[in-house]
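What follows is a group of structures, each given as C-alpha cells.
Each of the next two complexes has chain A plus one more chain, namely chain B in the first and chain C in the second.
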Partner chain A sequence: MPSAFRIAPDVRYRVIDDEAVVVRQREGDVLVFNQVAARVIQLVGEGLSPQQIGDCAVDEFDAPEAMIREDVETFLDELESLNVVERLAPAGQDS
Partner chain B sequence: MSTFPEITARAWNEGRLLDAVLELTHRCNFDCFFCYNDRVLRTWPLTSDEYSDLMEQLADMAVLNLTLTGGEPLVHPDFFAIGARARDLGFVIRLKSNGHLLRGDVARRLKDEVAPYQIDLSVHGATAEVHDRQTQQPGSFDQLLKNIDEMNRLELRMKLNCTLTAWNEEEVEEIFNLADRLGLLLNFNATVSPKDNGDTAPMSLAPTPEGISRLSRALAQRREEAQRREKEESPLKDGKGQGPDVIRHCGAGASSVTIDQWGNVMPCVQWRRVVGNVREKPIAEIWSTSSGLEEVRALTVEAKKVVPHFDGPADVTIFCPGIADLLTGDALAFYPGLPSQEATSSSDDGAVDH
Partner chain C sequence: MADAEFGSYFLANPGAFPETVEGEVWGDHRRLLDLPGGPFLITGLSASQADLMDREYASVITAVPPSSDDSHETVVLRVQPGFFREFDIEGWEYTLDLDSAPDRLRLATLHFAALVPWTSGATAGLWTSVEDAWFQGVIENYLRVMVAHRLLLRDGVLLHSAGAVIDGSAYLFIGASGAGKSTLARKALEAGAPVLSDDLNAVVDISIKPAVAQLPFTGELRDRATFDGTVPLRGIYVLKQGVSVDCEPLSRGKAAAAILATAPFINRGVENLDTLVATAASLAGRIQVARLTSAKDSPFEEIRRAVQGFQG
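Our next item is the complex of A and B:
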C-alpha cells in the first residue's frame, strides 16, 4: 500500500476558485495548482490516505477511474518533489 | 490555470478578501513621537477566544495572508496563543514589530509556535542616536541589531520598515546601506500620518521636500540597479509575472481589511473608516453587505482614474486614498509627500508581497 502523506510543515495553502494557492514559506514563493491537484492537496490536509484520496477523486470528477487514480498518484509524486507534501513513514518505522 | 498575480488581480477587481490585518493592541514598549496609534482604550478589547473565532471565519473565507500588528503585537498577553491559532488555521503570517523583544525565548517561541512567513521590523535611523531618539528607548538600536543577528541564526525571514522623518532624512543612504549589510529588504514610507484620533502633532516630524527628494533619488538609483540585476539573473519563478489589468487603485476594502483591537473593521491600516464591527456581525456578512465598504470600493475605482492626472511629483508618488481621506477629508484629493515606495535591498523579493 502506498505511503500516506501530509502537508509539509512550512507550507500554507488556500483553495480559491477551485485552484490551490500554495505558499512555500521556506522557499518564499507561491505555486498555483489546478482543480484536481487542489482537491488532492485539500484531502492530504484532511489526513486521507492515497487510497482514500483516489476514492474521493473518482466520486467527484467525471473521468475514467483508472485515469483519475493515475492522476492522483502523479500529483502526489509531483507535490512531494516540490516539497509541498511529505511522505509519512509507515507505522512502526522511524521517520 | 491562473498565475498568482492573476488571482490577486481578480481579488482586487471582484472584491475577494485575501489579506487581513489584525491590530492586536495599541500598547507598545516604545513611545515613538510620530506613532499614529490612539492608545486610549474605548472599550474591552477582543478576547483570545474572540480572535480565535474571528480567524476561523477568515479561514473559512479563504483569506491567505494574516498580518499581526499593533502597537507592538508582542506585548499582547495572548500573543502566542493567537499566533499559534493563526498558524494552525493555515494563514501565511506576517508580524509587524519594533523587534525589541524578539530575542531568546521569545524569538524561539515565535519560530516554533507561530512560524511566521516574515517579520517586518521598524527601523528609524542608521545610527543609535537617530533611532533611539525616535523610540525614546536608549539602547533600542543596538538591541535591534543584536536581535536581527539572533533571528538570522534562527532562520526567521525579516524585512525592515522605515518611516522617513525630519529626524532621519539625512541618513537615507546609510539606512539603505544598513539594510544591505543585514541582507534585508527595506521599505520606506514617506508619509507621517496624523494620529487615529485626528491629532496632527506627529506631522511636525514630516520629512522636508529636500528629504523626500533625497529618498526619491536613492530609490531611483536602487530601482535601476535592481532592474539591471533582474535582467542578468534567472527568468521569472512560478507565481510571478504580470497580472491582468486591475480596475482599482489599491486593494483597500476590496482584497484586504484591517480589524482593530475592539473589533472595528476598516478598509486598510491607513484608511480608518469604520465599516462594521465583528462583535456585531460576522466578518463575512460585513464584507458582503457593508455600504461603507461598497463606498470605499467605488472610491478605489475612481482613484485609479484620477491619480494619473494629479499635478505634482506623480512619478514618485504612490497615492493612498486612506491618507488623503485622513489629511484632506477627501479620499480622491491630492496631498503632498511620497507615501510609500519599496526598494529592493537584497535578491529576495518576497513572493507573497503585493
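Our next item is the complex of A and C:
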C-alpha cells in the first residue's frame, strides 16, 4: 500500500474556484494547479491516505476508475517532487 | 539563541543579535508617520535623523498626539559601526535578511538591524550606526517591511507594482523584475496620467472597496510620482512582453497567484502566509485581473484604451 502524505510545513494553499493556489515559502514561489490536483491537495490536507484520496476522486470525477487512480498517483508524485507534500513513511509500509 | 545563518552577511557577530529592545537612543526627537498599516511612531531620533525624515516624508508626517496608542512605535538605537560587517557595496544589489517567528521579526541589512516584537503595544528596536544621508535608506527600507506586515493585518496588501491613475481610477501593473513596470510608469507620466509609484503600492480596504493609498516609497521615478492620496482600484494587470497590445482575463486562481507573487517581504515567513493567501484571494475576487501584453514601444494611449476597454 502506498505511504501517506502530508502538506509540507512551509506550504500554504487555497482552492479558488477549481484551482489550487499553492505558496511554497522555502522556494519563494507560487504555483497554480488544476481541478484534479487541487482536490488531491485538499484531501492530503484533510489527512486522507492515497487509497482514500483515490476513492474520493473516483466518486467525484467522471472518468474511468483506472485512469483516475493513475492520475491521483501521478499528481501525488508530482506534488512530492515539488515539495508541496511530504511522504510520511517509506513506500510499501502502512502508516 | 540566534539562528546561525541569519544576519551573517551583515552583522559582525550574528550570534550577538539583541534579544530585547534596549540600548542607547540617538536623541529625543520623534516623528509620527501616517502610512498605510500605521501610523508609525519613530522615537529616539537625533536632530539630523529627524531633519532627514522631515525632508523625505513631509507629506506623511503628522503631529504626535499626547497619547498615540494606535501607533506602532519603533525606537532608534545607536550602535558602533563595528556592529556591522564591512563589505564592498560596489555593484551590490540590495538584500535584506529577514527572520520571521510567531512572536517577532528580525531584520538585518546594510547599516541596520531590527527586532520587531508582535506583542500588542510592544516597541520595536532599530539599531543603526548612521545618522547622515545613509539614514534615509535605513528608515525607508525598515518602513517598507513594516508597512508590508502591518498592512496585511489591516485589510490591505503591499504590492511590487507600477500604479497609474486613469480617469480617477487606479490601475496597478505587476510583473517580475524587468517586466516593464518602470517603463510603463514613465510612459504614463509622459502621457499626462498621474503615477502613484513605479515600485510599491499599498492596496487598502480590500474587503470594503479596494483602493490604492499613496506611499512615499518609489523606485526610479522617486521624484516624479505625481499623485498624493487614495484612489479607487479598478484593475490589476500582469505585464507580459509581446508585439502588440492585448488584454486576456485570468482565472481567480491565477489572479490570486499573481498577486501573491508580487507581495514583498511577507511571503518570506510562514507566519503570515495564511493571511496573505486569504487577502490575495479576496482581492482577486473583487478586482478584475488580466494579463496585459504590450511591446516596448506601445504608446500609453493604446495601453490605456486596452485596460479601460477590458474593464468595460
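One rule holds in what follows: the second predicted complex is superposed on the first by the 89 of 95 C-alpha atoms of A that agree within 3 Å, B and C clash if a C-alpha of one lies under 4 Å from a C-alpha of the other, contacts with A are read in each partner's own complex, and residues count from 1 in each chain.
Convention: a contact is a pair of C-beta atoms (placed from the backbone, for glycine too) under 8 Å apart; a residue touches a chain by one contact, two chains touch by 3 or more.
This structure is a prediction, so every number in the text was calculated from the model and none was measured.
When the two structures are aligned on the shared chain, A:28 is found in touch with chain B and with chain C.
When both complexes are overlaid on chain A, the residue A:62 reaches neither chain B nor chain C.
Residue contacts after overlaying the shared chain place A:20 against chain C, while chain B stays out of touching range.
In the superposition on chain A, chain A positions 9-10, 12-14, 16-17, 19, 21, 23, 25, 28-32 are in contact with chain B in one complex as well as with chain C in the other.
Contacts from chain C toward chain A in the complex involve residues 251-254, 256-258, 260-261, 267-270, 273-274, 276-278, 280-281, 284-285. Those residues of chain A that touch chain B in the complex are listed here as 9-10, 12-17, 19, 21, 23, 25, 28-34, 45.
Contact residues of chain A toward chain C in the complex are 9-10, 12-14, 16-21, 23, 25, 28-32. Taken together, the chain B residues at the contact with chain A in this complex read 1-4, 7, 10-11, 16, 18, 62-64, 90-92, 115, 117, 157, 237-239, 348, 350-352.
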